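Both of the next two complexes hold chain A, though its partner changes from chain B to chain C.
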Partner chain A sequence: MIRAIARKEFTQYWRDGRVVTVFGIVALLGLAATVTGWSAVSTMERERASAVAMDREIWDTQGLKNPHTAAHFSRYAFQPTFNLAVFDPGLTDYVGNAIWLEAHYRDPAALRPVEDAVEIQRIAQLNPAWVIQVFGPLLIFILLYGAVAAERESGTLRQLLAAGMRPVSLLLGKAVSAFSLTGLLVFGVLLGSAFLMSAEGIERLPDTGLRTAALAALYLVYLAIFVFLALGVSALSSRSRTALAGLMGIWIVATILGPRIGPDVAGALAPAPPAHEFTARLQRESSDPFWGGSDEAVQRRQQVLDDILAEYGVETVEELPINYDGHLLQESEEFANDVFDALYDELWGSYERQRAIARVFALFSPTIAAQNVSMALAGTDIHAYRHFADEAEQFRREFVLLLNQEMIDHGGADGYAYVSGNDFWRQNPDFAYTAPGIGDAVRGVRGDVIILLLWFAMAVAVAALGVRRGFLGEVAA
Partner chain B sequence: MRAILKHERRALLGDRLQVLLLGLFALICLSASLRGAQYREALEEAAAAFEAEHLERAADWRERVVAVESGDVAPEDDVFAGLAMDVARPAVAAPGPLADFSRGVTDVHPFTARVALWRSVDRLFGNYQFQSPNEIRAGKLDLAFAVLFVMPLLMIALTFGALSRDRDSGRLGLLLSHPVSVRAVVRSKLLVRLGAVFAILVAALLAGLFIGAGGVPGGERLGRFGFWFLAASGYFAFWTGAIHWFVSLNRRSETTAMMMIGFWVLNGLVGPAVLAAAAQLIHPAPSQLAFLSTAREVSNEAYRSRADVMRGMLLDHPELTVENYTIPEYIRVSYLVNETVDRAVEPVLEEFEAVQDRRQSFLSLVQYAAPAALAMLSINEISGTDLARQVRFEGEVRDYKRAIARHVEAKVLAGERLTVAEVDAVPAYAFREGDLGAVGRSVLFPVGYLFGLGLLAAALARRNLARLQTRFREA
Partner chain C sequence: MLEAKELTKSFGDVRALNALNVRIGAGESLCLLGANGAGKTTTINLFLAFIEPTSGSALVNGHDVQRDPVGSKRHLAYIPEQVALYPSLTGLENLEFLAELSGHRDYGTDELLRFLERAGLDALEARRRVSGYSKGMRQKVAIAAALARRASAFLLDEPLSGLDPAAANEFTEVLADLRRDGAAILLATHDIFRAMELGTTIGIMKSGELVEQLDPASVTGAELEKIYLDHMRGGAAGGPA
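On to the complex of A and B.
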């Protein structure tokens, strides 16, 4: 019976020009978004590969230079754009592509693609995930708003029930047809993305297969939520017009207003530290207490001197078997690193608080939760960005230590006049980044997954309520 | 007509859902105004604090030069006082006059720069990328968003059943059997419902004007507000015309609603997304990473061959050959290395600007296909938060650095101190807002186009309704 109803619904969709047109437009958008996403990711990866090679070459051929001078010039960590960004670029355009690994300072990632984007991109950015998140529910609502209400208006519902049709079968038949059609869209877009993201030159995210499967599951659950909601609302509405108005209201709140209002309110309640203040604090708190002229700074430097003299059991700097300037520089790094940890924890903390507040809005908009999970699976969320930034920072510390150590060990009395050559630079390691696996990626979005499941349960409950009230009312009549 | 209007007014006020929607819109606008005012104030404070801090530093630095020049401090006791390489000045673009109405691109671009010779042009703007990426991605709930996206949705929600509800219930024939024109009925319904929306819009914009100004607004703000109001009214007129036309098609309620929502989606989401993607695909920006690599490569090369660079400079400027050079050599080297980098990356930076120009030209042509994009571009320009303004600021800051370099170059290379008079003559930077008249001329045609589209749609709607009336009479 369910199959017969689904087949009848498909025939009806096919005959309804509006449905064919809307589906065609959405499918076309999905295709355009997939190709655009692939083009953007492959360009970014090509440029990154070239920049990485150039960075190495520049480093290797810098010639005679003091190691600490080289630490100021330093190197860059370039963030890879992984294959699943073709499907969901998430925050890719809003975080920087490159982190300067200079001595004495922890820089933010610079070169954000959004800074080069045209301003109307801020209205909407064409990408496959966005097409499914926004247009999938719209398509479902258009397909299903009259699923029960229109049957009731035309009097066919009473006939069907009188003929012994089970309400659940009718509902499931309609659900299967709408779900299959929109599911086709999800699989089409995901398959297209999977095909394009396997292109040469695009780096694979660990667990890509698992992640892709999880993305497919996520979007099927996401669309199922809207399918059941639509059926429930349609069954509970006396007229299809009322059902459509209600569903359009849900669509607007869920996909348009919610994802914008949530982060906006979160930004107001838990603001990130203003950039100028944060930059000033980084400078002030990491450098001045060590290198400044205050008593505290002078004492700190004196302590470093006393400690090293005591360690080597000598009286003067000249007697030290190491280069003292290099040692002092490294001590200042150690001091600054603690400050960077504290300040960046504060910064990341503010992002996390914002995310937690915005998540509350997911109770009104499943799209917010779906976006969070989708970005996490695609490796394009804030957690993935932080992982990269932290790894880059770890490498910066090790790299600067390596350069300072060169000066400490070999600088002798030359100090800042000591120079290393290309032979030394060529031995220095590259920053190699490995993204976290799926387990780590989804750890931060467990709350969103729970909210999505709650939404699913709620949608099924609404549909069940529709069956009880809408259909039984009809039977009673 | 008056009776219909009265009836419609009563019907609107009696419909709790519609009143709730109007209230929600008013609330969203008020919240947008308050948040916008906060945002603009924060930008102003940040800009003022940055400028004050750096001017204070510059003043302290000048004091050292005065002390040496007046003999209070012996030159050998402060070797670096007046060091030409240390000249640093702030360059600040205060927030646009209506940045509280539309934030535009202000949340991702720098608006301050510490212009110093120690920094090559690729590093002039320092570190400013600390905003929450999630927040930037989501966009802001400002008045521009309320007007461009929420207002049309409200207009649709209030009017999609204006005619079709009577049609669906079979009352339309009965209504038209009375001596009343269908045009008058539709006009009255739209007038009451959309009039309420417009009243809220006007009130919200006026509230925004005063809230953002923190009192009575000044002349520049008022002038810009006039254009903003015109643009918002143009967009409202465009939607009024479009809705009038959809209603006049006399379809079933759900079909009318779907057509309107479909149009909203095409105009507000698909259109801008496709235009943005097309602009970027047709006019791709140069690679930022390649720009970075170029700057580093040149810097490295210049540093490596610093002896040659220095020799070249002295060949060009033999008058700068000094004996007993007391300032450390690395200072001259840094200057020359930065100078070399600045010159090398100039073509790339020009290409960035040229691409933005080409995209701007492209969008100025195709924006007419998506009125939401057109309205947004006009509104950002009026607000002083558009990309072109930002590109101009960044270009001016680079020019400013060149101006400072020209002023002190001889002293840097000769290793001489600046005198107090020379310090005082270091040029200052002041960002000038675009001329109000120019802004008006620039947005006049796009805004006129919105009004024109609205009028055209309304004219077509009148024709459709006249035909409908005739059909009913004949029937």
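On to the complex of A and C.
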């Protein structure tokens, strides 16, 4: 019975020019978004490869220089734009993909493509995930707003029930047909993305296969929510126009307003420190207490001196077998690192608070929860960025230590006059980044997954209510 | 076979049907006459299990429609005044869908076309989209659907209203054929003369009660009309001479 209903629905879709047109437009949007995503990722990866090579070349050929001075001259850590960013670029355009690695300072990321974007691009981002998140529900609502209400208006519902059709079979038949059509869109876009993701020059995210399967599952659950909601609303509405108006309201709130308002409210309630203030604070709190002229700073430097003299059992700096300036620089690094850890923990904490507040809005908009999970699976959310930033910071610390150690070990009494050459620079390692696996990626979005499942249960309940009230009240009319 | 036993339905304080007792066997047809609100459609809704009786029971081929709604509808056909079909599908596709709903997935196109032809719709018309069908043509598809599901009991709610005389005549002939083939038919109508043609029994309903049962062979059309009008005016029924 369900199969017969689904087949009949498909025939009706096919013959309804409006459905074919809307599906065609959404499919074209999906195709365009996929190609655009691939083009953007390819360009970013090409530029990254070129920048990495140039960075290395400049480093290797900087000539004679004091190693610590070189630590200020320093290098970049570039974040790869991984293959799944073709499907969902997430925050890629907003967080930047290059971190300047210098001594005494932990830089935020630079090179944010959004800085070059015109305003409208910030409102409508054409990417495959966004097309499914926004247009998938719209397509479902257009397919299903009349699922029960129109059958009731035309009188066919009464006849189908008279023929012994169970209401739940009608709903499931309609659900299967709408779900298949929109599922086709999801798989088409995912397959297209997967094909383009495998293009040469694009780095593979760990667990890409598993992540892609999880993305497919995510979007099927997401679309199923809207399928059951549409069926329930249609069954409970006296007229198909009423159902359409109600569903359009749900669509606007869920896919357009919710994802815009949620982050804005979160940003207002738990503001992150302004960039210039944060940078100034980093500078002030990591440097002044060590290098400044305050009693605290003087005492701290004196303590470093006392400790190293005691360690080597000598009386003066000149007697030390190491380059003391290099040692003092490294000590200041380690002091600053503790400050960076504390301040960045505060910064990440403010982002986490924003996410928690925005997640409350997911109770009104499953799109918010789906976006969070989708970005996490694609490795383009704030958690993925933090992983990269932390890895880059770890590399910075090791790299600066390497340079300072060169000065400490080989600088002797030369102080800042000690220099290294290209032979040394060429031995220095590159930053190599490995993204976390899927388990780590989804740890931060468990709340969003639960919210999506709650939405699914609620949508099924609305459909069940529609079966109970919407059908039985009708037939006696 | 269609049977009502003390079938009663109240909506709040209003008694829409009061202790109806009828039995329509194979090859029999009961034509219910009555004004709007007399209880004809309520009777049909009760047989379809669309509403629950306040008391009593309705049976289709021995199945209590409340206890076994699926079993009772297996061989039951319902044809309303306005047969609703899917306009973007052809008559043949509508029939195929309706046959599948009743569990008959095994019919081929030729077989379905034969059902339509028997209902009075030729193959050319059957392959046209229903959006261009007249009311009479849609009713033929409904009859074909009843044939396809091998219905033995028919519920018809004002099927003749709005049909042109030729279409009404054609429809009446098809129903007469079905009855001769053993169908049990309950037909609600305002058309006294079609009731005379089709009914093996004619019932007159008023205010939820079956106030008169007549053998159409025992009265003329004019007599039936007089009896009916007497009931509608509120007077006592006068039996045939």
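Operating definition for what follows: the second predicted complex is superposed on the first by the 474 of 477 C-alpha atoms of A that agree within 3 Å, B and C clash if a C-alpha of one lies under 4 Å from a C-alpha of the other, contacts with A are read in each partner's own complex, and residues count from 1 in each chain.
The criterion applied here is as follows: a residue touches a chain if its C-beta (ideal position, glycine included) is under 8 Å from a C-beta of that chain, and two chains touch if they have at least 3 such contacts.
Everything numeric in this text was worked out from a predicted model, so none of it was measured.
Enquirer: Please work out whether A:Ser50 is in contact with chain B alone, chain C alone, both, or neither, and reply first, second, both or neither.
Expert: A:Ser50: touches chain B, not chain C.
Enquirer: Once the structures are superposed on A, label A:Asn97 by its partner contacts, choosing first (chain B), second (chain C), both or neither.
Expert: First partner only, chain B.
Enquirer: Which touches a greater number of chain A residues, chain B or chain C?
Expert: B
Enquirer: Figure out whether A:Ala217 sits in contact with chain B (first) or chain C (second), or with both, or with neither.
Expert: Touch partners of A:Ala217: none, neither chain B nor chain C.
Enquirer: Which partner does A:Arg18 reach: the first (chain B), the second (chain C), both, or neither?
Expert: Only chain B; A:Arg18 stays clear of chain C.
Enquirer: Does chain B (first) or chain C (second) touch A:Phe278, or do both, or does neither?
Expert: first
Enquirer: In the overlay, answer first, second, both or neither for which of chain B and chain C A:Asp264 touches.
Expert: After superposition on chain A, A:Asp264 lies in contact with chain B alone.
Enquirer: Under the contact definition given at the top, report the residues of chain A touching chain B in one complex and chain C in the other.
Expert: Touching chain B in the first complex and chain C in the second, no residue of chain A appears in both lists.
Enquirer: Which residues of chain B touch chain A in their complex?
Expert: 35, 38, 42, 46, 49-50, 53, 104-105, 108-109, 112, 126-141, 145, 149-150, 153, 157, 160-161, 165, 168, 252-255, 257-258, 261-262, 265, 268-270, 272-277, 279-281, 284-285, 287-290, 292-293, 296-297, 299-300, 303-304, 352, 359, 363, 372-373, 376-377, 380, 386-387
Enquirer: Under the stated contact criterion, what part of chain A meets chain C in this complex?
Expert: 1, 3-5, 7-8, 11-12, 15-16, 154-156, 158-166, 475-476
Enquirer: What part of chain C is in contact with chain A in the complex they form?
Expert: 45, 48, 50-51, 69-70, 73-74, 76, 78, 80, 82-86, 88-89, 93, 97-98, 100-103, 105, 142, 145, 149, 155
Enquirer: Using the touch definition up top, name the residues of chain A that touch chain B in the complex.
Expert: 18, 22, 25, 29, 32, 36, 39, 43, 47-48, 50-51, 54-55, 58, 61-63, 65, 73, 76, 78, 90-91, 93-98, 107-126, 134-135, 138, 142, 145-146, 240-241, 244-245, 248-249, 252, 256-257, 259-264, 266-268, 272-280, 282, 347, 350-351, 354-355, 358, 382, 385
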